[in-house]
Each structure stands twice: as C-alpha cells, then as structure tokens.
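What follows is a pair of complexes built around chain A, which joins chain B in one and chain C in the other.
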Partner chain A sequence: MISFITNFTSAIESLAKVHRLLPWLIAYVLLLFLPNLITATFGEYYVDLANRCCLFILLAVGLNIVKGFCGQVTVGHIGLYAIGAVTSALLAQNYGLPFWLSAPLAILVTCFAGLVVGLPSVRLEGAYLALATLGLGESVRIMIAVTPALGSSTGIMMIPAPTIGDYVIESFDHYFYLVMTAAIIGIYFSFVILNSSTGRAFKAIREDVIAASVSGINVPFYKLLAFVISAIYAGLAGALFAHMPPGYLHHNNFTVIEMVTLLLMVVLGGIGNIWGGVVGAIVVTVIYDQTKDYYFYQPLIFGITMVFLVVFMPRGIGGVIEQAIVKRKFIEKHEEQNLGTS
Partner chain B sequence: MALLETRGLSKSFGGLKAVSGVDLKVQPGTVHGLIGPNGSGKSTFFNLVTGVYQPDPGSHIEFDGHDITNLQAHGIAALGMARTFQLLRLFSEMTVLENVMVGNHCKTSYGIVESLLGTSRVRQADQKMKEEMLDLLEFIGLANFADIPAGELSGGQRRLLALGRAIAMKPKLLLLDEPGAGLSPVNVDKLMETILSLKERYKLTVVVVEHILKVVMSTCETISVLDHGQKIAEGPPEMIKNDHAVIEAYLGRELPDEEIRNAIRGQ
Partner chain C sequence: MDFDFGSLLAFIIFGVTIGVVYGIVALGISLIYSGLDIVHFAHGEIYMFGAFLGLVLSQQIGIPYPGAMIGAMVLAALLGMFIERVFYRRLTRSGGGYTVAGMGMIICGFGMSVALMNVAFLIWGADAEPFPVEFGIEPLEINDISIPPSYLLTAVVSLCLMGILNYFLRYTKIGLAVRAVAHNKDIAFLMGINVPLFISLIFGLACALAAAAGVLVGPMQSVQVEMGYLMLMKAFAAAVVGGFGSLPGALIGGILVGIFENLGAAYISASHKDIYAFLLLILVLMYRPAGLFGVVAKVKA
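Our next item is the complex of A and B:
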C-alpha cells in the first residue's frame, strides 16, 4: 500500500518536472469524463452527489488551512459558508446580478466575516476559541432563520443558475464542470500557500507561537490571514452551493451538525494534510448520503466515529500514510549512511 | 557604541520582582556571558529583550540604535535579534529544512500576496533560500536530515537545529539560553566550538546564559552576574571568579559562629 503510494507520488513528481502544472491538467481532463461515467454506471442522482462532494472538498480544504496549517480551532466555518451562499443568492435574486459578479462579491463579504470570526483568535486559544467561533457561526444561521429577507423558515427559492452568454448551467453534469474546476483550483492554491513563506508561517504558529514570533512572524496578522483565506474557500463554496440546481437554500444546510460533519472530514482525512482533507470530504459526503435512511442515528454515529478517531488515529488517514512514508525515508537514509561508513 | 543596551530594565510578576533595574551593555563582536543561580532572572531578561514579555514602565532597551522597549517580538526579530530557548521550542512536526526556513522568514524577498499566488518569482526565491539553508545545515552537520521532521532528531541534533534556526535569521545579535543543558561535557565543548565558528562565519555578537561555569569562563570576554533580579557584578572572567558578591550568591555567605547561634535561638 505504502509502496504503491510512494511509486504513485514519484510518478507524479516526474510529470511535474516536465511542467509543474502538468499533473493538475491531466487530473482535470480525466475528471471531465467523470459525470458521463457516473451517469452511465450509477445514474444522474450521483452526479449531484459528486457536485456536493466538490463543495465539501472546497470547504474542507479551506478549513484545513486555518485548522490544519495554522492550528486555530474554528467551529464557525459553516457560518462563513452560509454567508457566502445567502449573499450570492440575494444579490442574484434582488439585484439581478449574474453569478460571475454575485459570487466574487459574496466572497468579498465572506472574507470580511472571516476576519470577524478570526478576531477572537488573537486573544483566545483552543477550546475557548472554538466556543467563540461556534457562537459566531451559529448566530449567522439563527439570523438567517429569523429574518424573512434572508429566507427565514421557507428558505430562498428560485436562485438563478449561472449563465455563459445564452447558455444556462442548470443540469447536474454541466454544473459538475463548474464545481470541479473550483475544487481543483482550490486544492492547487492550497498547495501553493502551504509551500510558500506564508504556509510555513502558518505551520510555525501551529507548532509554537512564541518560537514563531521570535523568528519574526507577525502572529496575529498571520492568524487573521489564515481565517480570511479559509473564508475565501467557504464563500466560494457557499456561492456555488446557492446557484447549484435546483437553486434552493435553507438554514438547515448550515447547522452545527453540518459543521461537525465538516470537522469529521478534516479529522478523518488528517489534520494539516491537504489530500487527506479531500479524501475525507469525499468519503464522509458519500457515506452521509448513502445512510440517509438512518438519518436519526447519523449524528450519533458520526460523533462516536470522531471520538474514536481522535483517540486512536489523531492524525487521520493522511497522517498515518505520511508518517509511514517519513519512517521509510528515515530508515533508507540510515541504511545509506551505514553503507557509507562500513 | 553598544549593540544592546538596557537601562533600568525591570519586570515584576505580581509582587515578585523577577528583574529589577538591570543596566547592561553588550559590545558588538563579543561573547557576553550572563550567569546567576536558578531563579535569578536570566531567562526573564532574555524574554524582556526579545519582546516575549513587555517590560515594566521606566525600562529602556536599545538595540543597534533602535528603541525596542515597546516593540513586539516579531518586530525585534526583524531588526536582527535571534534567540534560542532553554526548552528549544522547535517546530517538531515540520521538517528540519522547514525549521530553518521559518528562521529565515524575515529575509523573504516576496510579498504576501505573491506568496498566495505562487508566482515564478516566489518559486525562484524559495529555491535560492532552500539552497542557502541547506548550506547552513551542511555547516552545522544536519544536511542529511533535511527532510525529516524535527521531532525525530536526537537530543544533541535538536540543540544544533535550534541554533541553526536562530542563525538562519542572519542576526546581528544571538541570545543563547543554556545551549549546553542536558549535554555531556564532551558534547558541550563541541557545541561551544560550533557556536564560536558560527560567530566567526556570520560575524555575530553572542550573549550566552549557561550554568556550566567552566564553559562560560573559557569562552566569554565579559560576564554579567544576576542574583534575585539584580546585576551584582560585571567584568572579565578573572574578575568574576574572585568577586565576593558572586561567590556569596552561588555558595551562600559564611556566617560568624555567634550569628549562627543567634539564628538558631531565633533572635
């Protein structure tokens, strides 16, 4: 298993040597065939499921930046998702803005909200920060639930689908191209950020705040930056969700349970591991969807899974694989050295 | 002109005066020792100078011509002050190379927006930085472990890495908080050699806190002694060795018999 993964990654690395974007392009082109494949084998409903997977990938990747890289425990992410969705929906419905304008504006608004959610992180840490962000996230949902202009209990209906010229993107498989493109770009940029000085600053803050600050990292600034970047992801996912066929959103989409599901994705996949978060998002979304008949037990089972994960596999699937690879490298290096000396 | 100068530096925690009224001057290009019994305020002094703690009002700290009294830690670091910690505080889940690259953070040549977009300039600058940092790791003998998480290193290697991370900042002043703690005497000598060679290579000024007096006496040009938060002596090693106040602080005072008798009787 591990050797398969190392072979796979080295194959990708050799592709990336030709051009660093080549593996991404290949993945993108292959994914273009996915909706046809899914429709042929499973049916159209599952394309919709794939769309939702892409949205949750965006959310999980964004959450991973603030929680996984930067180590800030936030439970308000779903509130940002809600803000992105409602803003874009209302802008499109009330002011007739096209998706291509309402979505960027929604992202802008979400960024600002992300800054607000992030402000407590300057002073609070760990569980206290979780509580503060939980309050902010949940208050967004309640605000939506009680304000008629924001949809209240009926939700927002008939949100116009995105258009390109005269063409309206309203079928599931065509919408897939949109969300998949967004997800791929999102994943790509999270790698860019992780490998830059900003990503290293995030990780340093996660590991040791004091050591980071005496290394010249402006800790409050980078914490807020992490929140804002994750808000871009959440806002984009929210806007895409709002305009996704059938163009309907309800505050029930933004409950704490959804937030827990989102956390489960990141924890299952591996905190601070980008591909782990992606895999976690797909696995959890599919399982969640396939066990809908037992919706009554879902929160219970997800909660228990989370507890077991945190106790027995705190670094998730991605973490376990990563550690195995590191161990292998370490052993190889020692063997090399031993060969060198003997 | 002194590279680092404190005037009336004080810090109290509640009623406890951890550091009170310390005047200290560190001359550029020297190795300056800071010694004192446990709890005498050496680490607090470091934390005050590097901005980890804010000093009490009335304190004054000047570094390289800048008033840094009320600056935050990252601002002071950007001016060229680096430090190590007694408990190292490595970024243990990041690789050895990443650890030193974080040390080099202030010298990043590209802006934040660029780093988020991953422009070609960012990639080139990072590649150049990586080479530079690998060179540094080579010098301290950790190049073989560049892509291994810092947490997997042995104790001695971790101490070296902590030093490397501080050096990566290309500082003017390097503050070392007990660099030899937990090392065997042979390794301490080796470490001091490394420190001195780094000092020559990167033209550093060094302030070192150390409990192993033999090491301090042999490497430092000037030594300051703290006791109960106050500076009780300062000077070259020979002078410190024979200073009454210093001997008293370390070994206690020799009392005349009569005083001991009175103390026992409770008078």
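Our next item is the complex of A and C:
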C-alpha cells in the first residue's frame, strides 16, 4: 500500500516536470469518464452521490485552509455554505439571473460574510473563536429557518438549473462535469496557496502567532485572508448545491449534524492535509449516504468516531500515511548506509 | 405595539429569572475553562441530561423535587467525571494550548456533544416532555404581573447555589486548592495538591451546576433533547459578557443575556429570539473581549 503510494507520487512528480499542470489535466480527463462508469456499474443515483462528494470536497478543502493551514478553529463554516446557497438561489429565482451571474454574486456575498466571521479571529483565539463562529453559523441557520423570504420551513423550491446557451444542465451526470471541474480547480488552488508566500504566512501563524508577527507577517490581515479564501470555497459549493438538479433548498441542509460531518471529514483526513481532506470528504459522504437507514444512530456513530479519532489518531489518515512514508524512507536510507559499511 | 411600563417590567423580571439560570451554567463553563484551559462543548448536553435525569427521578421513581434535583446533580457530576477521565485526560496529557492538540479538544467536545445528544434521543425520544411540579406556593403578584412559582424558586435556588459555591471557593480549604489548581497547575502540584483529582472535582462540580440548571428550567419550559445546544451558546455568551473566571461576572452576564433576549423577543421579533444572545456575544467579543468584569489575560509567549 505504502509502496504503491510512493510509486504513484513519484510518477506524478515526473509528469509534473513536463508541465506543472499536466497531472491535473490527466486527472481531469480521466474523471470525465467517471459518470459513465458509475452509471454502468452502480446506477444513476450514485452519480448524484458523486456530485455531493465533489461539493463536500470543496467545503473540506476550504475549511482546511482556515483550519489546517492557518490554525483558526472555526465551526461556523456551514453557515457560509448556507449563505452562498441561499443567495444564489434567491438571485436566480427572484431576479432571473443566470447561474453564471448569480454564483459569482453569491461568492461575493459569502466573501463578505467570511470577513464578518473572520473578524472575531483578530482578537480571539481557540475556544473563544470556535464558539463565536458556532454562534454566527447557527444564527445564519436560524435566520433562514424563521424568515419567510429566505425559505423558512418550506424551503426554496424550483431553483433554475444552470444553462449554457440553450442547453440546460439538469441531469446528474452533466452536472457532475460542473461540480467536478469546480472541485479540481479548488484542490489545485489550495495547493497553489499552500506553496505560496501566503501559505507560508498561514503556517507561521498556525505555529506561533507572536513569532509570526515578529517576522513581519501582518497577522490580522492574513487571518482575515484565510477566512475570506475559505468563504470563497464555501460560497462556490453553496451556489453549486443550490442549483443542483432537484433545485431544492431547506435549512435542514445546514444543521449542526452537517457541520459535524464536515468536521469529521477534515479530522479523518488529517487537519492541514489537502489530500487527506479530499479522501475524508469522499469516505464520509459515501458512508453517510449508505447508512441512511440507520439515520437515528448516525450522529452517535459520527460523534464517537470523531472523539476516538482525536484521541487515538490525531493526525488522521493523511498524517498516518505521511508518517509511514517518512519511516520507510528513513529505513531505506539506513539500509543503504549499512550496505556501504559492510 | 404600544409601550407599556408594566409589560416592560414583566419582561425584565422574566429575563432576570432565566438569566440567573444562564448564569449558573456559565459558571460551570467558566470553572472548567479555568481548570482545564478548554471550553467544554458538551456542557449543554450535560445540562440536558440533568434535566432528563431530574424528570426521570421525580416522575418515574417518585422522589420529591428537591431530592430529584440533588440526585440529578450527583449523577451528572459522575457522568462529567467519567468524560473527563476517559477523554479529556488523554488530551490534556498530550499538551493543551491552542495548537493542533487544542483544536483536537474542541473537536472532541463537539463530537461528544453530538453523540450525547443522540444517546438522549435514543433513550427519551425527540418529543418535548412536560415537567409538572407542584410547589405549593401561590404565584407572586407585583403590579398585576403574576410570577409563576417555578420562576421564583429558580431564582432563589440559583442564587443559593451560587452563594454556596462562593463560600466553598473562598472560605474552605478544598476551595482554596481548587483556586490554586485553576491559577497554576504546576505550582499547585509542587504544593502537594493532587492536581488530577482536583481537575476531576472541578469538572464534576461544573456538571452538577449544569444539571441543577436543567432541573430548574424543566418546570418553566418543557424538557427536550435539543435544549442543550442553545443553552451552551447562551451560557457561553453569559460567561463572556461577564468575563471568564469571574463569579459575580457570570451571574450578571447571565442576567444581562436573559434581559437582552427577552426584550429583543418582545420588541423586535419573537421568532428571532435565539439570535439576540449571539448578537450580544459577538458585540462583547469585538469591543471588550475580556468581558465586563474580566481581566485581560496576558498572551503566553
């Protein structure tokens, strides 16, 4: 397993030497065939599941930026997702804007909301911040639940699907191309951010705020930036969710349970590990969907899993694999040295 | 809505009584924060468990109300100590603070809160259960406002609990040890205080307070599974408004949150009632993060 992963990464690295976008392009082209494959083997319903996986990948990757890179504990991320979804849905429904206009506007609004959520982070740390963001996220949901104009108890129905010219993207497998593209771009950009000076500033803030500020990093600015970037991801995911084929939004999509599954994705994959977050998103979404029959026990299982993950595997799947790779390299190096001396 | 001084007074009185309850839960959160340097996210669920335990003890087993309250407090304290021993102990050993380990603690508490809520749901179901109690006292009448006995009792019992806690922390030897542990664990350890035991004690004490709040709120509102989550938020708002680690601060913060919420519900919009506490929380966090009575904590380098 580990050797497969190391071989795989080295193969990808050699591809990336040809052109840095080449591996992404190949992955994209391969994924274009996924809906056909899924429909042929499992059925069309699972394409819908794959769509939702892509949305949660976007959310998890976005949460990873603020949480994993920048070390700010936010648990109100689902509120941003809700803002993105509701804004885009209302713009499309009440003002007849096409998806290509309502989604960017929704992202803009979510950005602003992200700024508001991020503002407490300038002065607060850790648990304080967690509760402040939880309060904000939950207020968003309560607002949606009690205000009739935002859908309240009936939800928003008949949200128009995105169109290209005369063509309406309303089947699951065509929508997959849209969300998959968004997810791939999202993952790519999170790597770009991680490897840029911004990403290094985030990591410096995560490790030690005081040391970071002494090194000349504008801490409040970068904290807010992290929140805004993650809000862009959440807004995009929300807008895509609102226009997804059934075209139906309800505030039950944004409850604490959703927040817990989102947190579980990031924790399972390993906080701060991008691919870990992606794997976590896929695993949790699929398990969540497949265990729908045991709906009443789901929060219990998810909660307990989260507790045990934190206690026994704090670095998640990604962390464990990373450690195994490091260990393997270490052993190989030592074996070489031993051969040389004997 | 025309302005009426009598109804304003009524809203303020009801706000104060519910606010005192927020105050005692806030006190528990504040205690745990000072003892373990974490915010216990599952505290709202302990409160909910306390309410249900009180309901079971008084309705199904038939223990009189005060006995049920004490029983619920003891059981909730045991539950809290169990949680602390099994989960938080491991995490504190691997380092606290707000690094990845500190984030782990928050996530751990979050997961636990959801799991506990689900356990309660599986045991008692999702319905709101009434908690009828006969107090044998007439409703108090002030200026045509009739205050139900449960409200009166709540305020009195809460204030008594706070008084006892204050006495315990200030004037007993064990209370002194608790304060020492909250102040500095390492030095307390050197002074011969059994720090892990006292951390468990703090946790148990905080959970007992939460359970007492649950049993007190039970007769005023009904008991249901989802009550804990909002309570946590409001109690946290109260703790922040009053300033963490301050005993009178928690009480006054709770009362402020209660009044703010009731007035908002009365004069702005009743359906947005649960948002006002968050609003107050955010405002205080932005402009006075240390709270109204707290001391600004120095950042540890």
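Here is the rule we use: the second predicted complex is superposed on the first by the 326 of 342 C-alpha atoms of A that agree within 3 Å, B and C clash if a C-alpha of one lies under 4 Å from a C-alpha of the other, contacts with A are read in each partner's own complex, and residues count from 1 in each chain.
Just so we're on the same page, contacts are C-beta pairs under 8 Å (C-beta built on N, C-alpha and C of every residue); 3 or more make two chains touch, one makes a residue touch a chain.
All figures in this text were calculated on a predicted structure; none of them were measured in a lab.
Of the two partner chains placed by superposition, chain B and chain C are both touched by A:I210.
Of the two partner chains, neither chain B nor chain C is touched by A:N252.
Legend: residue contacts after superposition of the two complexes on their common chain; A:S153 is shown touching neither chain B nor chain C. Residue contacts after overlaying the shared chain place A:Q290 against neither chain B nor chain C. One of chain B and chain C touches more residues of chain A, and that partner is C. Once the two complexes are laid over each other on the shared chain, residue contacts for A:V310 go to chain C alone; chain B is not touched. Once the two complexes are laid over each other on the shared chain, residue contacts for A:L134 go to chain C alone; chain B is not touched. Of the two partner chains placed by the overlay, only chain B lies in contact with A:N195; chain C stays clear of it.
Once the two complexes are overlaid on the shared chain, A:N218 sits against chain B while remaining clear of chain C. Residues 210, 272 of chain A contact both chain B in one complex and chain C in the other. Chain contact summary for the complex, chain B toward chain A: residues 50-52, 72-74, 76-78, 82-83, 85, 89-94, 98, 101-103, 105-106, 108, 110, 112, 115-118, 122, 126, 144-145, 147-149, 152, 165, 169. Residues 33, 38-39, 41, 87, 90-91, 94, 97-108, 110-119, 121-122, 229, 233, 236-237, 240, 271-272, 274-275, 277-279, 281-282, 285-286, 289, 299, 301 of chain C are the ones that touch chain A when the two sit in their complex. Per the touch definition, chain A reaches chain B in the complex via residues 189, 192-193, 195-201, 203-204, 206-208, 210-219, 225, 229, 272, 326, 329-330, 333, 337. Residue ranges on chain A touching chain C, taken from their complex, read 67, 71, 73, 75, 119-120, 123-128, 130-132, 134-136, 138-139, 142-143, 146, 209-210, 256-257, 260, 263-264, 267, 271-272, 296-300, 302-307, 310-311, 314.
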